[in-house]
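The data blocks that follow each hold one structure.
Common to both upcoming complexes is subunit A, partnered first by subunit B, then by subunit C.
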Partner chain A sequence: MALSVKERPDSEPERIDLNDVRQEILDRYPTKVARKRAKQIVINRAGGGAEVPEIEANTRTIPGIITQRGCTYAGCKGVILGPTRDIVNITHGPVGCGFYSWLTRRNQTRASTPEDENYMTYCFSTDMQEEDIVFGGEKKLRAAVLEAYEIFRPKAISIFSTCPVGLIGDDVHTVAREMKEHLGINIFAFSCEGYKGVSQSAGHHIANNGIFTHVVGLDDTRKEGKYSINLLGEYNIGGDAFEIERILHRCGITVVSTFSGNSTYTQFSNAHTADLNTIMCHRSINYVAEMMETRYGIPWIKINFIGAGATAKTLRKIARYFEDPELADRVEEIIESEMPDVEKVRDEVRARCEGKSAMLFVGGSRAHHYQELFREIGMITVSAGYEFAHRDDYEGRNILPDIRVDADSRNIEELHVEPDPERYRPRKNPEELERLAREGFRFKDYDGMMSDMPARTLIIDDISQYETERLIEIFKPAIFCAAIKEKYAIQKKGIPMKQLHSYDSGGPYAGFRGAVNFYREIDRMVNTKIWSAIKAPWQKSPELSAGYAWNA
Partner chain B sequence: MLLRHTSKEIVNRKALTINPAKTCQPIGAMYAALGIHGCLPHSHGSQGCCAYHRSTLTRHYKEPVMAATSSFTEGASVFGGQANLVQAIDNIFTIYDPEVIAVHTTCLSETIGDDIPQIAGKAQADGKIPAGKYVIHANTPSYTGSHVTGFASMTRAMVDYFARSSGQRSDRINIIPGYVEPSDMEEIRRIAVEMGVRIILFPDTSNVLNRPQTGRYEMFPKGGVTVEELMSTGDSRTTLALGRLASGSAARALDTRCKVPCEILDLPIGLNATDAFVDALRKAAAVSVPDTITTERGRMLDIITDMHQYFYGKKVALTGDPDQLVSLSEFLVSIDMQPIHIVTGTPGKKFETRIREITGEVPHRVNIGAPGDMFLFHQWIKNDPVDLLMGNSYVKYIARDEDIPFVRFGFPITDRIGHSYFPTVGYRGGMRLLEKILDALLDRKDRDSPEESFELVM
Partner chain C sequence: MKSSRDSYVSTTNACKLCKPMGACLAFRGIEGAVPFLHGSQGCATYMRRYIISHFREPMDIASSSLGEKHAVYGGEANLILGLKNVLSKFSPRLIGVATTCLTETIGDDVPMILRKFHRESRIEHAGPDLPLLVSVSTPSYSGTHMEGFHAAIKAVTDQVCIALPGSAAQDRINLLPGFLSPADIRYLKEILVDFGIHAVVLPDISETLDGPALEDYEKIPSGGTPIQDIRSMGKACGTIQFGRTLGYEDTAGSRLHERFNVPLHALGMPVGLRETDRFFSLLEDISGLPTPRKHALERGRLIDAFVDAHKYLFGKRAVIYGEEDLVVGLTSFLAETGIRPVICASGGRSGRFREAVEQVTRDILAESPMVCDGVDFHEIAGEAEKLAPDLLVGHSKGYHLSSRWKIPLVRVGFPIHDRFGGQRTLHVGYRGTQSLLDGIVNAFIGSKQEDSPVGYGYM
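Right, the complex of A and B next:
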């Protein structure tokens, strides 16, 4: 029988027994399901310096459980390649996949002139029909590539495979290679069929591999600038990358390429000329950073521009890497000039939000990064989890050697990368690296979400709809963060819900100005009086005599 | 320019679809299934399909859209999805306890050839389907038809699985409303109630996808046609199917299975189509049309006669789904507007013939794309400009680039509200459409008029 968890009186959050909550949730499931979910629902021990507990992640979703997750195609075409404006992205498959990933992710892009290429407002599909499934779709794909070339004359075309393509055995890579030779522009394909892997995450990896193999390193032109970096894993939702670029520009730091918000084909092709790779979303992009380090000698560091404090910390970390006092001073100057506006709003909002609770179940890094913004206005994250992250995103990269590579992960190719004979150029020599490490500078570091969260918080991987509902009923958080599919079920329960994929048409939330936007947005959401209007007057006091109270 | 690469020069395309004017079958099946009370739609394929359909429906309705998935991985794709679906059925009934699970297939499960009735039979044999609960299915491979035919297939599955004849005819009329908004379904019911006709409306997404904020979330809200009602559709006196493509198949199945005669009508959008619907309903139920309905009709007509000068001769480009476009074109022609570019992504010869008939008297060359896409639609507009655009939210990119007034109509509408609350069917719906068209045209006139001819009274 399910234990009854006492619903939380607002003033006593600490009285909820997390073990009971966990047990109650598990009790609803069939035995086998409960056994699997038990490994994905854990109570955090970290925070107080204790070791983080192990959590199961990046494993198959249980059929029928109602998951947040999407597919490999969504991760490859939708997330990583979608935000690049000047590649014609052709979805090879029936019409749906292309249609659903058409302009729905709010990746902003800004072509530099009215004539510059921008295909992001377009959706290209081979719209496979039954005869293509029966007789094969290669012929149609070849014709589609040719038509796209004749109409648009793009500098590059990419091809994305959907589920049936893999099953019927269309060789998209051969088609791409032949058409590349035939047309003389870069054409490459991705085997990102929806069923590969267990979530979008597999698609990220496939996209990383493809872009690294087919584009990075093609153009050796160096952008001007003393301090040149790549911004990896930043998708410019709601203009985040614009704000980050604004700040970096003020500091005198050159962004060679962004993977992949507001990006172009040319940026990808000379990404290898940068002197540092900085990673925002560790989950979706660390592969390309690893490969660029091996082949070109560019070190990578984890950064975070979500939160004003995190932004300042990130700028200092980048300055520290370049070891130039001029840059360090400039960074301090910029932080000092940006912070007063931020602090003014932060303090004002904090007075109204302090002590309220938040839950974040989204993405592969956002559920971690956004806790920082909530902390800045005094809000507490009581429970969090990722939609498609891996164990290292929860527990930190030091557990990487312990991750068991299962059959689903083995399906995704690991590229074997060697140093480039001409372009390999270590940006720091071994002595410099060692000295920096001694001074506490950390390369390739990511400690994950858990160590950043207090002990006795509930961490849930790949949360189900049922678990979402129970959490809300038990904890009654002031705000819940997830994505579009979860939004209205949560709001129907009277809890404001903030989308952290699309930002509900808001943003930017990155950088200093983004932090201000976010504080104001959360203030609006958790302090609006509209939620108190749910009950009509006659529902609050249904007795008819109430109207005549003055007679008493 | 948002669509800066769209040129006037039309190149013949055989393989590449650009900016589709349709999407795939499963989303229509999911939408239809949400119109069964206590039903959880289930997508038998990989996770992305379900996530995409739920997201798209959610953006359109701003409402919870729940559905489950078989979460295929590579293994399931090779060995078949039986184990996944059986497990899903068990989990869904255990965790969420719906009355019905409505399974639709995807291109993935269709390509590997999964047999849903056989798998459901296995689940039944394994005791995974509780007594009194149902698993129904529709085959909706994404590589045929469109979201509209997917809707039609799931609606037909409601008949195939539930309709039965007890031998006793009831006085009820079945109405299959077509792939329309919850507000439209509500309006069709209201008209029937107003006329004193007892109906069974299926599917019925009102009070599912336009429900109130109550502070309580119910996975299975009060709306939707009940299983009991679906069963008794076989006893009804007759069936009125609104929209040939979306509703015809279910209506014919009822005729074949249960000998319930059917009449297939256009969607009641606009004056003539609503007249036809009300008249057919009156005759089928043997009732007279109450004055209240005739008054509504009169009001709608009054708007048309009062404002006729603003409609007359205006050229319109429309894109959307076949059933809607047929009625809408007829409506526009009836108020002396000129629909000259008409595009749907859903293929169909009958559609084109029908639109040719409707637009026969339009004194202008009429372009019909069936199937066509929005890229071609845009090129036609560039070559032969119009005064008004009607279509889903994607049309706003064309509207802005070409600076043409735009009325949102169809699916999906992701950037405005209203469609789930205010109907476009019936006379009242017609009044709303007229208001929207006039607002768009007159706002533009106000914007562009020179100061000396800026009008206070219009």
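Right, the complex of A and C next:
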């Protein structure tokens, strides 16, 4: 199948050699930089049983290269704890870090009553001044915690360290411990200084470790429901979690906790009572699932609610796990009732989008998951990569033992976890697990992005601004997906750009209704006529740009 | 005057941004310049994100991406490598290096490192293409984004302007407008052209942060103050500097005076009638020409509109917040319309805020507004609640107060991330004042219409 990416009736699409593209990009770098980037820009060989190539990921960004990545603090405070509504989050540091993470992600929350605690619209910072840097900021931090307690009387307070805090040596953990004893509420701190890891990924890890250590397991109340699960790695951007909750609710599946979209402190504290952990974003949370399995005996599976097909598959997989025909029937019923609306829009949009190309460079799972939605409307992902994922997110979990542990990863504490003497309760016995496996049911399964993509696609880790520009110039994709920082540079070049972090104020895109929203959005974007007006009538000249022929 | 020191420990919903962000914005207004942050990459990413969501334009900020190791041993090697990569990818004419809290705390000597880099690269390249390197120290633990902005402008004039032979050019001035919108800058340039005055406007973000859609993307957007012009700022016959809280000492304008004897005209931000009149009078003096008819007409229409608007605005109580100089300008304007500014608030703490507000309100307000500096939104809310305000004027961060109190918020300044066209908001001059006035009146009419059970369609 040969598809031209940009239909150009009177010119034959010229075939682009990916090796040439790769070489051209690398040639413009100084030797040392080129050597490093060469390992992070690879041509996929997946499909047809071929092994995926190795890619370097989760290594430091080269200075002076404009990266998409944020910092460890951003991952910890912004991404993981940001969407929880009833913990008072105090940023310990100068004012900027806190300000920039003040509700900037579009994670949504829905308190059950207006009186319910919701601190999400607040941004607390110790706003360190020169004297705090010189003489230490512990005193101020202590006073800030006390003040937050007196004003809000929250269930919990958490403290986040920014770069200068680590340098001046403030002991945030001791402050937290003392204040916890003193005030009698849960108070915990994160050493998530921005410089700690190579990207926000380190911050996710620090945050999740903290929640696991300080909160999970504190409340043994069981939520009602026969089939109870946790939804891990779902952040409720644009209301995704609401749509997922709607679907699960229709199926009769209970969500005990979500890490961390639309979440609460109580949800975290009784997460250990669920019977299955389901993982959306493998990157940001797989270790929590592992630890919960060891300590509490909860198995985990990888799921995906991005894409109508993926949503159906996920529901069936959950039903399969519970091995209850009643649930299985219910799930089929729901899928059958939801799909007609989806299919109607899908087919209509597909007619206009079929064969067009997409590029996705974002996140630690989104660049993979969203390919599914594009596939459903006949669009092809010709190039993709993550912003902060690790090798296993590209190549699959089977390469985990081969990942080299460098100084930056050693920096992030690996918790040593043992079965909980009272709360460990294996949800399936070894025989059941073995039988399920024999029947083809896979636990802890993530094969990564590459094996899901066709061969001859370009995979780029931590793409830089410059590489983005070159890709666009060469391939002229119908749409490019990244985050707001990339949006306007890409659109200036006449390529529609969809934000997959904050959804351009759109969403939800998860689940069945989300899929419909996404199809419509992409249809609108790739079929708009505005780009043809970039050149004024008096400037029009024959378009000269290479086409791209793509072979499956 | 109210100050945050008097009350809370935590800053809750800050009304200020951090220092290097202001510096990056200022550097962005120089032709061929790339802002560069020496620190961990997170700061650069965060600031880009904020600036981009307001302007809806690309904004590159390079970073030396320090890690833990560098935090301990210093960031020199990373800074140099970063500069090299910026050179090869952008071919900039100037790199503006601002420090962050991290590198300030470590104590890296950036000017020294830059000198060394310059020396070594000169040997390597031996060409004229080496960009200018400007450094500015911007620790956020002292000062806000506005201090960072002005510090960067001062650093640029200090490090780029040179003494040139010959006498001052009589038709040339320097304009240091402060942090205004691209639309404001475009309009100011238009005014100057209309007066026949050649001006070096520093910084000039009119194109770099509000550019056209292009077939061929430019790595560094065109526009910005030409470096050649900056070099020769010492030759101007005067410097106009906006901002009453800036003071006369230790600003870019005062330094130009000290070094090159360029007279300094310090004005308030020209928002509202009287502050704009002062600006136009000065331009008349400098150019020796009367205000061109086009602008005189705009002034006339503005007065006419003030009269028409009076019935909607008189006695309304406004809370104004944001950067100190913008708040002073807005307060001056609102007081002229019959609105009663009840609180003027800022996260900044220049020490001159109260005095500036008094200067512009003394003649027309019976009662001075409450002036709060160094405050956050929690404190603003605490004070405002007692005063039953009818209107908020400021940036997007006041939205939660406006929704809580069910009063309109007219969005001005930075950041505006919940409305469209922040980069095109006009604030200054007769035209800007007119557009603010229309916006405010319509905000009142709109909310009255919405709240009315009668359903008036004729307000």
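We adopt the following convention: the second predicted complex is superposed on the first by the 526 of 552 C-alpha atoms of A that agree within 3 Å, B and C clash if a C-alpha of one lies under 4 Å from a C-alpha of the other, contacts with A are read in each partner's own complex, and residues count from 1 in each chain.
Keep in mind that, in the parts below, contacts are C-beta pairs under 8 Å (C-beta built on N, C-alpha and C of every residue); 3 or more make two chains touch, one makes a residue touch a chain.
Just so you know, these numbers come straight off a predicted model, no measurement behind them.
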When subunit B and subunit C are modelled together on subunit A, clash or fit: clash
Contacts of A:119 with subunit B and subunit C, given as first, second, both or neither: first
Partner chain in contact with A:355 - subunit B first, subunit C second, else both or neither: neither
Touching partner for A:152 - first (subunit B), second (subunit C), both, neither: first
Which of subunit B and subunit C A:195 touches, first, second, both or neither: both
Subunit B versus subunit C as contact partner of A:454, first or second or both or neither: neither
Which of subunit B and subunit C A:167 touches, first, second, both or neither: both
Subunit B and subunit C contact sites that coincide on subunit A, given as residue numbers: 28-30, 33, 60-74, 90, 93-102, 104, 121-130, 132-133, 140, 143-144, 146-148, 162-164, 166-168, 193-196, 198, 407-408, 411, 465-466, 469, 484-485, 487-489, 491-494, 534-535
Touch list for subunit B against partner subunit A, complex: 1-5, 7, 11, 13-20, 22-24, 26-27, 42, 45-49, 51-56, 58-59, 62-77, 84-85, 87-92, 94-96, 106-108, 111-112, 141-144, 146, 211, 213-217, 219, 345, 375, 394, 397
In the complex with subunit B, residue positions of subunit A that touch it: 28-30, 33, 60-74, 90, 93-104, 114-115, 117-119, 121-130, 132-133, 140-144, 146-148, 150-152, 162-164, 166-168, 193-199, 407-408, 411, 464-466, 469, 483-485, 487-494, 534-535
Residue ranges of subunit A in contact with subunit C within the complex: 28-30, 33, 60-74, 90, 93-102, 104, 121-130, 132-133, 140, 143-144, 146-148, 162-164, 166-168, 193-196, 198, 407-408, 411, 465-466, 469, 484-485, 487-489, 491-494, 534-535
Of subunit C, residues touching subunit A in the complex: 8-14, 16-21, 36, 39-43, 45-50, 52-53, 56-71, 78-79, 81-86, 88-89, 100-102, 105-106, 139-142, 144, 211, 213-215, 217, 219, 347, 400
